[in-house]
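One chain, chain A, links the two complexes that follow: it is found with chain B in the first and with chain C in the second.
Up next, the complex of A and B:
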């Protein structure tokens, strides 16, 4: 009898989907498994593979079972297939089939659309691990290193989650797609990852924190909309992934927050009141607030591009098919069909930024992006609280959505962070104040020295307020392997 | 006036608004606005399902209130309010237990400190009531070993409980409740009995999810007989953890002065093991002194293992009151004999004092402290009260 809450370890692959009685899928996954391990082993530097890391592993998907902490060597982490419990008589939440029973098998007419969504989602998961593969070499503390590895192994597990769906529901071409997820490589010339933002290296820890805050939050919004899918196995997979994703948001938000806290603290200690005294601040080995604003401008706008075109028939089709819902679809009070509704989107008319109403169905991407922006605003507000509390006069802001865009209506023009149209000359004159320069990158890089001593933190970042799993900040989160 | 109760709150400074708790709550007691995530005191049943899923730990916050904070108030917070002075509220030490019955037991046990108990400033945050009578944890007995010699007048047991996959985070000095099976004379199910854990936070065996207890068989004790008779493999229903003040400082430089009799040694075994494991990892440094009283070496729990702990880690004073042909000696006698070193510790602001054992030991220990402090020109009551306010004086007696 298979127990669908507790995780079964009776196969190589921990799961709560009764794999041991599903020979076909089990065989396919077992065939895929060595390739995955090979990918992982080649990725992360050897000394970290040999280290014991204090990680969280799910032993069951109910609230009390998924946060079990223990030391583990990463290659021995129990990656598995975990779905949130089935909700009895769940119905398709949106689109033309709204109210009908949710699909337990792939509906033929939407097969390709579904497969594409799963492949795109699946492609981002290993990509981010590839982008972050060398960061542990410059970890500002064992605590941060552990958080990085937790994010990495869970992104790895999210890949597993998508591969399971491909193997289980998409037959031969699903298996081929699963193989391709390991074949593509972030930044590769021949076989790059599918989305642009996932082909850039994450060069330093501030970039990592910004990435987990802004870019993983796009991932969270995509998972939120897939969790509303009428295809029930996808919905259940994404619901469980969201519980893990929360930790990634945490790493980003507190990482940036601790960087800000440390900067303000060092400024105060040295009697610097003006946050724009960049040279003096940098000489003290902390990252100036204007540079943090520039990093924020960059990562926020790159992440906005991931939402695609403002007006999109693909998105409309996916919503109408009941494959992808809106953020918190079940809490929205309307007919969930959007047949006659309108939604306000940004557009460019005669070179001016304007807002106009379009059919809501075609603006599903835009709506998700607006929800994203609201969500992203929360952390920025709290970073500002840290600055305010320290008594420094500075405010971080999300730039206007028109700024620095490569996709969507704004990609053709030049805008300042307030959303005002500027000339090429004006843009060039100010660019170094809006986006990180190479010199900024060099400065951040100069701070990236590893701090492997238990309980110690690099100069540029404050310790956390509380540790992981009720442990203190000076707990030995990673027992480093010394060659 | 409404009776004070413990309201579940979320720390807005640490919360990251991921809404995992909101999605986890089985009865929709948690909601959010653009500012904060909040718990509705009218709906929350304290089932604790939201506690382990929180990636930040901000969810495990409690305040004793007579009027609960409204949702509007909680939405407006930038940080948590401090605990207001409520008659029954635990002071700076936090909340010892959510259920009134256990909270009362712990208050009685801590009464010997002469005032409201406070946790050491550097203590780790203790989780309480992860499991209760309605929803107990189920632990499996891994072992049951007799600690006292066969034929000694006391039968004291070392019991190891394994919690497998159930999250059970417990700190040294905390207690857990054991629910004996069956019913009492009135036909009601037995209430849990409290036992202080004798293993450190990372497990009896490092990084195993197990906990040890030190239990003495009492002739008519319903629960102690049940526990002392447990065999490996038996399932036990457990509540807790409980207690949020009788904790050790995480500050490795803190000095510990520990006084106990009998099974009162349980928390000190945990403290010592924690310190040893910290030292192995390169931490610690503060010294520890133990005054431990029993009738005979045969009946002193952990007599063998204790003797193996190096004197420079733990200075041990094992004293006996019933050894043939020897003068009776009690812990207070030895404390007086060591008055100079004890006085030196009392006047050091790094020192934390812990007393644990039978209620009957309090008087003698208190008298010894009074005399030693007096010799050093200190007023004992004032010294004790100041230490207690500072989270450096702890009593747990029963």
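Up next, the complex of A and C:
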């Protein structure tokens, strides 16, 4: 990979965009590529760079090509540029241009808006890799380590996908933005990532699972709405990214699920019926269900903040311009313009949480967030099934959206997880029961011991039902490099 | 008002003015033909004017410079008995669309500025001899003259009745020239501008509104005497004969306007006009005698006249064209050679006139309310005076490096000595000085590179262009620029550009175009003036305008 002059871009960069004959993008990528490799190499600890990881690589977008499994060293991963196949005579799905042919080139009047959306989306992709860079050091199994790396390389590929759009369609500005995507670093004081949630370190594996379940799901919703874009190359890019994003959510959902499963199993084995017997449960080296609820409260509410303000002019503009649609826009039965519709949002009036109708166009963000909440509910139900099956009396719940918010109408007040207004004293008294404390963090940290032995799993987590690529859970997913 | 307006005319077509040439003195009579207005629906009574009157005046002033260089003093008079000029026609203003009013005022302002500057530029001094009522736009005609003489017949007066009568402003420089040029005390100016009947006789002189007040019996003789006197004192060299400003060649069709050196291509969907200037088709003449012999065919004069006409055409007849994109093709060395000949002979009357014309023309470009972009392509000739268009434009784009399948000479920008003060903007600074207001050393650095063909990277480093783009980016970036620009609100563009173009000091000129005009245009869209019951609409009905009395 160091001999860039001779890189055959059609083989080294799997693509379905005719890269080898696209002088503009080739020239831009030649300049950007070394910086990307440099970023990757500095990020992931050396011994993992040298390890062989059983990874899925997308080499084309047809069902045969999009998931090729093989051992690969991560720096040699073939990050590709892949767009979902073009839909013939696709039209702009929403806004004032609804029904007109989808744009194949950037419309000049929306260039800056589009660029901003792509840059924000692009900024989150490498950010999560940065947040998770040290997790492999405490991986509970080779299986989990492999999943982490799979998520990482795919976030890397999603960065490539956004960079490709910037290089291909946004000229000089686009190249500068692509460079800046590598310049910003999660948690950096100099140049932090654009969204606050992406500047927090992912300190442990439970956080990682929660992150991939809740925060990556926000990413999924954003991709879903960009997949509805009237700018066709963006839509096609995001549609393909969504096929990969599903795996990230799978990692999150099964990760939390396996943690719960293990906790319930150990409780039963030790005759503990009361899930609130926290000290006894913790002494057995598993994570108590109330703590899992607290982690859920935290990650869910942080993710809600990523949707921005309840009533948003930016979102309205993007929708009206036809460059960002709603979740499943094509399945919604309305005029797709929203000029006269209303939508119900939560608001705070005289210190009370109320629902009220606002113009639907300005509530596009809220609608997406409501879709997100519905989507996030599914996994929570499945987690509860695990608890129920184990015969433990406990139910996980998504907190009310007013709880623990830093952005939006609720950011100014104090609420309990049910959405009820509470006093400062009440909040202080209960906070430790609602959100993870530092002591909780210490406890989780104490469990984070690596388990690198093939087929073995850390005490706090159950093995998966099935492995990846129809392999078993004890398959050697990572051939660790031992210096 | 969708009829196409033509700015080309000649003395055989005049309906409103006549000129009597008498050696070094020209007597210019305003004698407006009531039925000679540009549009239906009003009569040009009492020597009131509309655009048709001003187009003729602009033509006269221009021909005075080129065809009558022997003239040293021009005396502006009325050809009517009891009225000098009653100003812009109110019914015309009442009926005109906002855009037309704005363009009309802009053009009349440019014409006033032109004859006002004639004394400094080429030694032609304008005297205004007022007998009869001289009101509003009439007094503004006088204010732009270099010397104002008023008869003391106890009825003739000067006035600016716009505010009390029409609820608008004297928008052709009136308010500004009273305070800035004539230095009338502001409290007196306030009184003067709020009384309908204006000021007569001695007081007019006392307040500085006119230069001389002369008893009626001696008025004509004194005016003649003064004209002779000024002519005798004039430093303007004697010139026997001018050159003829022959009709310019042009052809209109659906795609645009085609001149001999200027090509205007209109893309209505993109709301863009591409204006391509051709370089000279022959070497520069060796001497000014040859230039005189070529007359109106001399490259830089022909180009200026064609570009001038093209700009006015776009302003008045293509209101929906939001972007004017300047391009050029030709030999930059030849362009430079033509300009250098003039600069080397800037004592010669014709060199003086052509250079001064470019100064005026470039100012006309500066105040054109369209997004201006200059595009420096391969084979272009943005050299010397033509490179001023890069600095007049809101942005410029330049080709960098080789372009596939394009074997035209590599794009360059060349500066000439003329770029450093010969064509000042309304703010009194050169375009380069204005451009580099925050980095004067850049102007000096640029001066050191006069004559050098600067390719993209050098031009970029010297700060002469906004963006340089290579083969790979060019097409897409240009498309995006045009699309984005055309999508913005035309009002916001006009306002933004007008604010950004004129950094630096205020002058009377910038105050007229920036301050007076902006306020006037604001009033023009307010109901107090132009609403159904506004003063402008009700004028002549006997009813006063109804005002919304809230101050804004």
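Brief remarks on what is shown
Definition applied: the second predicted complex is superposed on the first by the 472 of 483 C-alpha atoms of A that agree within 3 Å, B and C clash if a C-alpha of one lies under 4 Å from a C-alpha of the other, contacts with A are read in each partner's own complex, and residues count from 1 in each chain.
The rule is simple: contacts are C-beta pairs under 8 Å (C-beta built on N, C-alpha and C of every residue); 3 or more make two chains touch, one makes a residue touch a chain.
No experiment lies behind these values; they were computed from the predicted model shown.
By the touch criterion defined above, A:171 reaches chain C but does not reach chain B. Chain A has more of its residues touched by B than by the other of chain B and chain C. Using the contact criterion defined above for the overlaid structures, shared-chain residue A:108 touches chain C, although it does not reach chain B. Within the superposed three-chain model, A:27 lies in touch with chain C and out of touch with chain B [touch as defined at top]. In the superposed pair of complexes, A:455 makes contact with chain B only, with no contact to chain C. When the two structures are aligned on the shared chain, A:250 is found in touch with chain B, with no touch to chain C. In the superposed model, A:49 makes contact with neither chain B nor chain C.
On chain B, the positions that touch chain A within their shared complex are 13-14, 16-20, 23-24, 34, 48-50, 52-53, 55-57, 78, 124-125, 127, 165-167, 169, 207, 209, 250, 281-283.
On the side of chain C, the complex with chain A involves touching residues 467, 469, 472-473, 476-477, 479-488. Of all residues in chain A, those touching chain B in their complex are 6, 59-60, 63-68, 70-71, 239, 242-243, 245-247, 249-250, 253-254, 374-375, 377-379, 385, 454-455, 465-466, 469-472, 474, 476.
Interface of chain A with chain C (complex): residues 23-24, 27, 105-109, 111-112, 169, 171-172.
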